[in-house]
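Next up: the structures, one after another.
Two complexes, one shared chain (chain A), two partners (chain B, chain C).
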Partner chain A sequence: MLDLASRTAPDGQPPMLRRPGTPALIRAGVIAVLFLFVLLALPQLLSLYYIDAMTQVAVYSVVALGLGVLVGRVGLVSLGQAAVLAVGAWVAARLLFATTQPYPLVLLEAGVITMVAGTLIGLPALRMRGLYLALITLMLAGGITVVLATTNFPNGGHGFLGYDGSTVHIPAIRRPSIAASDPAYFRYSVLVAALMFLLVFAHIRTRPGRAWAAIRQSEPAALAAGINTTLYKLWAFALASFVTGVAGGVLAGAVHYLYSIGFPTQDSITLLAVVLMGGAYSMWGAIVAALLLQLLPALLNNWGVSADWLTILFGIGVLQVLTTAPAGLADQVPKDLARLGGLVAGRLRRPAPSGDGSP
Partner chain B sequence: MPSWLDFQPFIASGLALGGVYALSGVGTVVLYQATGVVYLAFGAVGAMGALIAWSLTNAGVVGWLAWLVCVLFSGAVTLGYGMLFGPPLARRDPLVKAVATLGLTLVLFGLMDLLWTTSGGQSRAITLPTDNGGFTFGEIQVTWTQVIGLGAGVAIVVVTSVFLRYTKLGTAMRAMANDREITATLGVPVRRVEAAAWLGCGVIAGVSGLLLADLVALDATTLTFLVISSLAAALIARLRSITLTFVAAIVIGLLHDLLTPIQSLSNYRDMTPFVLAAVALLVFSRRRVFSASREEV
Partner chain C sequence: MIEVEGLTVRFGGVTSLDSMSVTFEPGTCGLIGPNGAGKTTFFNVLSGFVRPAGGTVQAFGEDLLSMAHFRRARWGVRRTFQTEQAIEELSVYDNVAMVHEHARVKGSGRRKDVLGALEFTGLRADPFARVGTLAAGERRLLEVARAIVGRPRLVLLDEPAAGLPDEETAHLAEVIRAIPGHTGALVILVDHDMSLVSACCGTTAVLDFGKLIASGPTAQVLRDEHVIRAYLGTAEVL
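Up next, the complex of A and B:
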């Protein structure tokens, strides 16, 4: 089990009990306002370049959310989530070329098919734990990369694989008719992402979430408490693969053309890196992770800085998270800000020693 | 089905590849046993060492000096990582330690992409002087580099086994594999023993990086992720047995290259290590045992 907080944060509190004083209503209101701002105002403010980048952020926030469920909630580290995303994108692209089904239905089907595939990958998780699971998923990711390099992504050809190497004019993967333009598709993907977040939120707040928390703390204890650990671990894999598959479907429409070279093995590693940096224990962490993974490269590209610096930064970030800040940026930044705020407020009001500023 | 003649040239190359996989696999196993770290940056340091050697040779440095720099670089980076991040992570879960080495992998990977850009499309190659010479065994053409590849694999198994069995340092490493705390209590300087293991692993990474750059390709991505193949061999041996690692590595290397002439499977031959390791892990881990000891995996 990946217990990031085991040694470095003796005061680490369970994520669900964080900020107990904040009224839930205010938080829900803040989230609703933020959501409406992203949905309505953001496409008006941004250029097409950044709208495309933000669509990617929406897609990858769902992928990071799925990995966050595995890593942060259940304590299973998967190094193959980018490969699962590629599978979802492949399935969606194939369905979109083969059928005229409405887009939401295709997304659902892509999610379900990816879920079946991901659960099959998850089956070894029932036998393997911790380190071995991480390594076997890394190998599966490598294996899927090899298969995809040979089969390629569907490009409107016939047959099961739907790939025709001789096609000169490759048709674009279609988008839903209500969201053909880039800003509209951005709104569409934000809506889909929001639905996925709600789905995961519903899981975390109910029985599966509690079971996962118990498993993460101690699997033998969870077993002794009568929790069907096999079922719930498999459930986590199924949920993570489902949302990742749906994200793959959104990705297929967002980029129009898919190439296997766009899904290298190192993406799975980078993905784990940003999820750990963003914070695996919080759902905000998934959004931070997606911003790191997709918005930062777009910004750097705009400024003419090589994206390789980001890879280096992510590497340093992983080392920093694992050694000093186990809950990631989503947890660390508010804490640091609160501490800073407490410090400033303490200086301004009275010369008393500043408190620790915990929220 | 291709004839026997088609397979012949791939026997030598497969054995050589297997030998280098064995080299890296044994390095991984020994480091894991001594420190509890699965060193996933193994391929990346080797790749960077090989790229540095390539740049040096291009700048007119003598071959042997460039290769020495490659090996020293890998050793130094690995030792540095071990000294810097080994102690703070020493008491953490093996999984955390392994993921931390992925951090080093990303740093090295980014650096390699930055310093040796691949966008230009120019291909790099390291040629060892042993490529040209060789001999014919039966009807199979064998180069000296291939002999070195297999020889290095065999040598590492023999040397490591003897080293672990008969030397004081080797005994200390075996003791630490059993229990780090008790070993420390007995007066073994655990930090120094760990440092030796890190340095040894780094040197092996440098050597296998050079050999793989010659036998396979000098490309950052390829070399970085070839570590997965040698890791597969180490995993089949459950990160424990050196002999089993060697056997698994040879099988992986041979099978990988022997699939080349078979048309329908040729494109999928890179999956050999993954498939073999996945099957082996599934078969071996049928027993589910819960225990509270640190040795559980």
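Up next, the complex of A and C:
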């Protein structure tokens, strides 16, 4: 018989009523401390050079986060995210020159407009995935690069494009009045990035996250569960494009001047490589990816090493991820550290046997 | 009641279902047949994954084939898969909640329904454990829990006992038998395990090469000479 009566939760109350466990609280505490450290202490410790680099890290962590949603959650490989970032930056720059709207509003508008554009890029995803989707998104990114090279980024000119090729004095893209200095703007970027992380976290932990997990593993299973796979795939593209568009807006203020040459198509490929290396399945992976993409070149520059070496390094990194650590550095490093800690603790507890491991 | 009339499915030159006409009465019905007989194709038609070349399916008076595939789950079609499709990345609870939240069930608590469905299957795993940590038998039960949560009307079980040891199959048989009484749904069970089909199903239909060759009370169908011939080969070959 079905023994329904004996099936009560071990602690005597329904499982959903359990309070969050200690590990969850510790994790939340660690995140809060880290966030406060980055927000308050880091700008005090770093030179302006590294503060600028870290602002870029904040921007690109959001871009990587968006790509992580597509690749890691839904299983859609997009090679057009750097172009989506360029669209966000363009829209934000245009709005910042044309209007006196408050910065957060401009970021929101840039996000929404980029969301529409990015969702259009995602339309092919309804029919294909894998290599073909990657190729189509790469072509679209190439198309956007070409258009941007022709129209240029707004530089305070008039008309729809806002570009004036004859102007000598190019005004800088404005920043929010509360974040005019570089350290203040860094803090502003971190706050915006944190909001985007929260937005994505809220998606992953609720209905869309569950639907995406189902779609990634098995579309038939998702359909059989009543999931409108078309809607949720477009939703993923919309979310990824929205956060990337907002990141583009932050980028516009960070660099003050935007040039189409700064958004080459191959950036999208490098972006996918670092996202895979960082870990597409975890939100920490997005931060690792951004550090690889922005902090590492800054360090190399400072040490007088050509950043071109990174292409080789990223190639090896992706190879390593594909062969030994499919969930990326964000997954592997904590595991390796735990293993190392266990080994060290084991050695300390009892002295190493003399004949251990020797032939 | 599910009334199938003249259902035909072709894949290129292969006719997987050949004007199949059958009526499934409320309760648990078996659907058996040799490999390649068209059982899973029939389920795929009901789920909306395969568009039939002809025929109709009336489910409780509604035209099932005119509904979009994902809407059928909302209407009440649930299924399990031959190769079990529990979503590894999600917890046990989320796997079931995922079905519930798309089923648009009105006037009931999700947590209560989800935990109730898990309890019904007798799955003893922690609801918050990841599915990746579950054993094969537990995943099969989880799939059943997904199939019965949130007011299902038609539950399609595609070889739910494949690869299970005998004692787990016996437990599964009890669960399957209890589904119609617990949910009010009509259950169609596809399996090669005749003892499971006999134990669960009052009536059984038999497919062979896409054709319905027998249907009726299970004991009677299993003694039918056409059915025995379909499973064991024809006299001419011997």
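Structural remarks
Convention: the second predicted complex is superposed on the first by the 327 of 359 C-alpha atoms of A that agree within 3 Å, B and C clash if a C-alpha of one lies under 4 Å from a C-alpha of the other, contacts with A are read in each partner's own complex, and residues count from 1 in each chain.
Note that in this section a contact is a pair of C-beta atoms (placed from the backbone, for glycine too) under 8 Å apart; a residue touches a chain by one contact, two chains touch by 3 or more.
For clarity, every value in this text was computed on a predicted model and none was experimentally measured.
Partner contacting the larger number of chain A residues, of chain B and chain C: B. In the superposed model, A:T150 lies in contact with chain B only, and not with chain C.
Contacts of A:N228 after superposition: chain C is touched, whereas chain B is not reached. In the superposition on chain A, A:L131 makes contact with chain B only, while chain C stays out of contact range.
With both structures placed on the common chain, the touch criterion links A:A273 to chain B but leaves chain C unconnected. Of the two partner chains placed around the shared chain by superposition, chain B and chain C are both touched by A:P220. Contact with chain C, but none with chain B, is seen for A:A211 once the two complexes are overlaid on the shared chain. In the superposition on chain A, the residues of chain A touched by chain B in one structure and by chain C in the other are 1-4, 7, 220, 223. The touching residues of chain A, counted against chain B in their complex, run 1-4, 6-7, 77, 124, 127-132, 134-136, 138-140, 142-143, 146-147, 149-150, 219-220, 223, 264-266, 269-270, 272-273, 276, 306, 308-319, 322-323. Across the interface of their complex, chain C is touched by residues 1-4, 7, 14-16, 207, 210-211, 213-214, 216-218, 220-221, 223-229 of chain A. Residues 38, 85, 88-89, 91-96, 98-100, 102-111, 113-114, 221, 224-225, 228, 231-232, 235, 267-268, 270-271, 273-275, 277-278, 281-282, 285-286, 288, 290, 292, 296-297 of chain B are the ones that touch chain A when the two sit in their complex. Within the complex, the chain C residues that touch chain A are 47-49, 69-74, 77-79, 81, 85, 87-90, 93-94, 97-99, 101-103, 111, 115, 119-120, 122, 124, 126-128, 146, 174-175, 178.
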